[in-house]
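Encoded as structure tokens, the structure appears first; notes follow it.
Letters A, B, C and D mark the chains as written, and numbering starts fresh at 1 in each.
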Amino acid sequence: MSTITLYSVAYGLASLLLGALGSILPGAARAAVTNVDVVTGLGVLIFAAILLAASMLNTIVLIWWERKLLGRFMDRRGAMHVGYAGLLQNFADGFKLFRKDTVKPREADALGFFTGPAAYMVTSMIIFGVLPISTGWNSGALPLSLLLALAIFSFAPLFIFVSAWSSNNKYSLMGGMRSAAQMIAYEVPLLLAVVAVVIVSGSFSLTTIVYEQQNYWYWGPLFVALIVFVAAMLAEMERIPFDLPEAEAELVEGWNTEYGGMLFAFFMLADYLRALVGSILVVLLFLGGWTMPSWVPSAATSFPLAGIFWFMLKTYLVFGVFVWIRASLPRVRTDQLLRVGWNRMIPLSLLAVFLAAVLVTVKCVWPFGCVPSMGV
Amino acid sequence: MSEMWINMGPQHPMTHGLWNLRVKIDGEMILDVDPEMGYLHRGIEKISEDRHYNEVITLMDRCCYVAGLAWEHLYIIASEEALHLEAPERALYLRVLCEEFQRLASHLMWYAAFVQDIGLMSPFLYGMRDRDLILDLLQSYTGARMTYEYMRVGGVRSDLPPGFTDRTRKVLDWLNARFVEYDQLCLGSDIFHKRCDGLGILKANDCVAHGVTGPMLRSAGVPRDLRRDRPYAVYDQLEFDIAHADTADVTGRYLVRMEEMRQSLRILRQVVDWLDRHPGPVMADQLPRWLGAPYAPVGNEGYLLKRHYPKGLGFSAVEEPHGEAQAYVVNEGGEHPYRVKFRSPVFANISAARQYLIGYRVADIPPIMGSVDVCVGEVDR
Amino acid sequence: MTTPAPLLVSKPAEPLALGVDLPMVDQPAVPFIEIETLRAKEFIPAAKEALGSLIAEQGQAKVIRPVFNWAGRNSLFPLHWGLACCAIEFAAAFGARWDAERFGVVPRSSPRQCDVMIVNGTVTWKVAHKLITLYEQMPEPKWVIAMGNCATGGGPFRTAYSVVPGVDKLVPVDVYIAGCPPRPEAMLDGILELEKLIRERKE
Amino acid sequence: MQPDDVSRVLAPALGPKLLAVEPFAGMAGRVRFERGAALELFPRVRDDLGFRHLSMVGGIDWVDHREVFYVVWSDAAHQYLLLSTDVPADNPRVETASGVWPSANWHERETWELVGIEFDNHPDLRHLLTPDGYEFRPLLRSFKLHEPEELEVKTRHV
């Protein structure tokens, strides 16, 4: 195969390693080691390891990107002195938090206190297993990858609430309750906005959704759905203007008030993992994934790994928009947030679904042209 | 969730200082509040009884640390009255210059803290950035950023450096343009109105009954300002309007403070023009040595001699950025004041907390208390 | 309207499913692997020897500790609280002009997430036990910076009946910053001094 | 408003309990009254004279006796008025003003804990600035400031 894919890299590495291992082992063991199943298994492991490393690295770079961008919005510089332009700042933070004591308050419930952050982190990371990044750079054609991603995405309020409740702090508890209410309220418009995309693309597979956007990206025809999706995603990611659960002004640090050290790092990391997932989903569903429009010169789209390049560029730009929103909007109140969620977002998302149905029936939209195969 | 008391403070991002707001909540609703002060009680009134008149100025700067010069002004007026002294006119203008600069700096500090309370992140930095410009100006003639010790009984310590007035005009123009940006960031946002309109209402009658003054009272429709109602220094020779609103809520207080800053710019332009045209002495001539007359070496024989000055009572009231501050100085004829009593506006504004907090939500506490503009230093003294 | 040709998109004929139809498994790459094996055979003992000698020479701690030391001193999270006048300068240090975040200093509101407590103002006896509680809530390793004259020794309120004459009567202090209040530069300098202390720390 | 105007309103109602109305620089006057007359005086000052705003309550320790003073403000006259009464040092109590002016509440708490003046019928006479259970009255002349080392012992119970 000419295209490099994540599979080919992982299996290449696996067969390389096992071949090397086999060549220094005696005959029987060599046969066992170079067995197809063993190679496949190791390939899957390497595949997962690459995904893990890539997602963590991207998250850390994302935090750096937010800090620098936020600094610029605020007329200052952001982290500068650790590494070039502060690139290593987040590694320093991570190592420091790793070394810090992990304090459990005496009255806290140990089971929930320790498993909450871990589960939050793990569920946030699993999502990367189903997100395609470029042609071939995915975990296979899961027919329902979009649904799976969103299902895992919506686990978070449970674990946040468990960890908030078990840390036995009033601020944590209030933050946890707010978080649960908010995420459940915004789960519905989020899914309905996705339904609009699914109606138009005719598939739950993220890869297929991207392929369906060859003709035009969905942000134009499905603008209402995009607005609903981004707003609901902001609420799910708990970022300003919807960051009530960790509203610094009234609830000290929200549901992670009692967490320090590595557990706090888990929370921080998982938050940004979810932010990354949110940005990636926006890119996949509405901004054409790794494809570029036809007027882009082919030199810019045909170099090696061009798909990944454009995909990451879009992701970071989308996240930049989230940061921009964070830098310029105040925070809403819980009751207002819920009222907006139930009274505005859900009708708006239903409208988006309706518009998508109309689009599929008409198969034409000005000025994007007609696509006879749409919605099939 | 049943009813419970939570402590917001002394270490809490909402407090902007060292105090404790005990809140009884049911879910998100506030049922009762009980402010607990005194975490910063430094006994300034007691220490003042042990100090020379001019040494108390040091404490005044630290009494309210965001409006030090206003408090210096307050104390200076009262003690000049108690000691039967008068300052030259240029010194009076310089004091007004100081007080209006301080009002701008204090309101910008308030803006920075208040927007953070409602979750706006970047205007905090903008407020601090523009406040630094004013502090630079103050620093150029007082020598310090926050604790100035600039005024003296009988005048001020020093005159302005050359080129000061031109720099001031530049800064005033810059600020005038920035205030538009501030309003866009706050009033231009629907979320701001959703958060702040109709919040923390304290009507005029309640304000008066609970001794609430300053922007809180003016936002309730009472255009009361000591600079106009009971002019001190040279405020009766300056033109300005009293900012007031009639909504009595957080937005009203925001509007009042923003308008006050614009009026301060107006006053400052007049003062700077006057100072350009009228050079003169900044310290009274006939001062007792122990008061530290200009260029009198400290430690000469007159300094330590206990001089008796006619007894007197001094009272002064100043429109401080937070409200009406008052000082009562009792002079029993010695080097030290016999008793100094200060009235802090924020003290009264916080004491009415039950009136404007009960019935709202926990998330409303930061904007409401932010709009009160708490400076714990002057509450606890 | 003709559909624009997709770029970069080469839709595979049949999608790959996990575990079957693997393109690379059936490619025997024997010569390549053997070369690599030879190289690996040489590399592993050499690396083992080098690492062993490094640890024997320096001790295991000396290899790992500098990393954590570097991390610890470059990301000092101060506790976000304001006691008195210095708190205003503390806030100004995070403003646009000084921007303490350049050094990785980000204030956190919860003491559990803090490394350094900056005592920025007068400590009274009424707040003393709360200060000690906050200090004890901070996880190790932790430091204290006494910012300003009040925290250092009571400052102008030294003689007052309600003021603690220096926060070192309550908690161990690592760095003292003089000034009443110290300018933001002085505060940043104090933090850099603390970084120096951490760099030289021997445990 | 002049001191005469004040005494013309107050004198008929209070009689000999109104000791004097003296002129005071920058104010409408200084009303000196017997402490027993507090409850009769305050409503009259508020309603008849129009001083609806109580700004400050404070106490002064004159060693042989103590003085309680109130500063009130009238929106109509744009003037302050000083009310003051003497209380004996061995029984420093006076009726609370918080029933007339709610703003007196905190001021009287402060005066009670710092100057040691008891306010009868005060709704909530707790420590405000000093810690709970603090037994000293710092603003009395007999309370001397010490060097911190001595002071530490004295206040360590906090």
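Please note the rule applied: a contact is a pair of C-beta atoms (placed from the backbone, for glycine too) under 8 Å apart; a residue touches a chain by one contact, two chains touch by 3 or more.
As the structure is a prediction and not an experimental result, all values here were calculated from the model.
More inter-chain C-beta contacts link the pair B-D than the other of B-D and C-D.
Annotation: 24 Å between the Cα-based centres of chain B and chain D. We define each chain's centre as the mean of its Cα atoms; on that basis chain C and chain D are separated by 54 Å.
Averaging Cα coordinates per chain places chain B and chain C 38 Å apart. The distance from the centre of chain A to the centre of chain D, each centre being the mean of the chain's C-alpha atoms, comes to 65 Å. Residue positions of chain B with contacts to 2 or more other chains are 12-13, 38, 41, 43, 46-47, 50, 124-126, 129. Residues of chain A in contact with at least two other chains: 74-76, 248, 252. Counting partner chains per residue, chain C shows two or more touched chains at residues 95-96, 109, 126, 159-163. Taken pairwise by the contact criterion, the protein chains fit none of the simple patterns, being neither a path, a ring, a star nor fully connected.
Each chain pair that touches appears in this list: A-B, A-C, B-C, B-D, C-D. Against chain A, the residues of chain B that register as touching in their complex are 1, 4, 6, 8, 12-14, 28, 115-122, 124-126, 129, 185-186, 189, 191-192, 194-195, 361-366. Residues 130-131, 136, 138, 143, 145-149, 151-152, 154-156, 158 of chain D are the ones that touch chain C when the two sit in their complex. Chain C meets chain D in the complex at residues 125-126, 128-129, 154, 158-163, 165, 169. Residues 37-38, 41, 43, 45-47, 50, 81, 208-213, 222, 224, 229-230, 313-317, 324, 326, 328, 330, 338-339, 341, 343, 347-348, 351-352, 380-381 of chain B touch chain D in their complex. Put simply, chain C touches chain A in their complex at residues 1, 3-12, 15-19, 22-25, 27, 29-30, 32-34, 36-37, 40-41, 67-68, 70-72, 74-75, 95-96, 99, 101-104, 108-110, 112-113, 115, 137-141.
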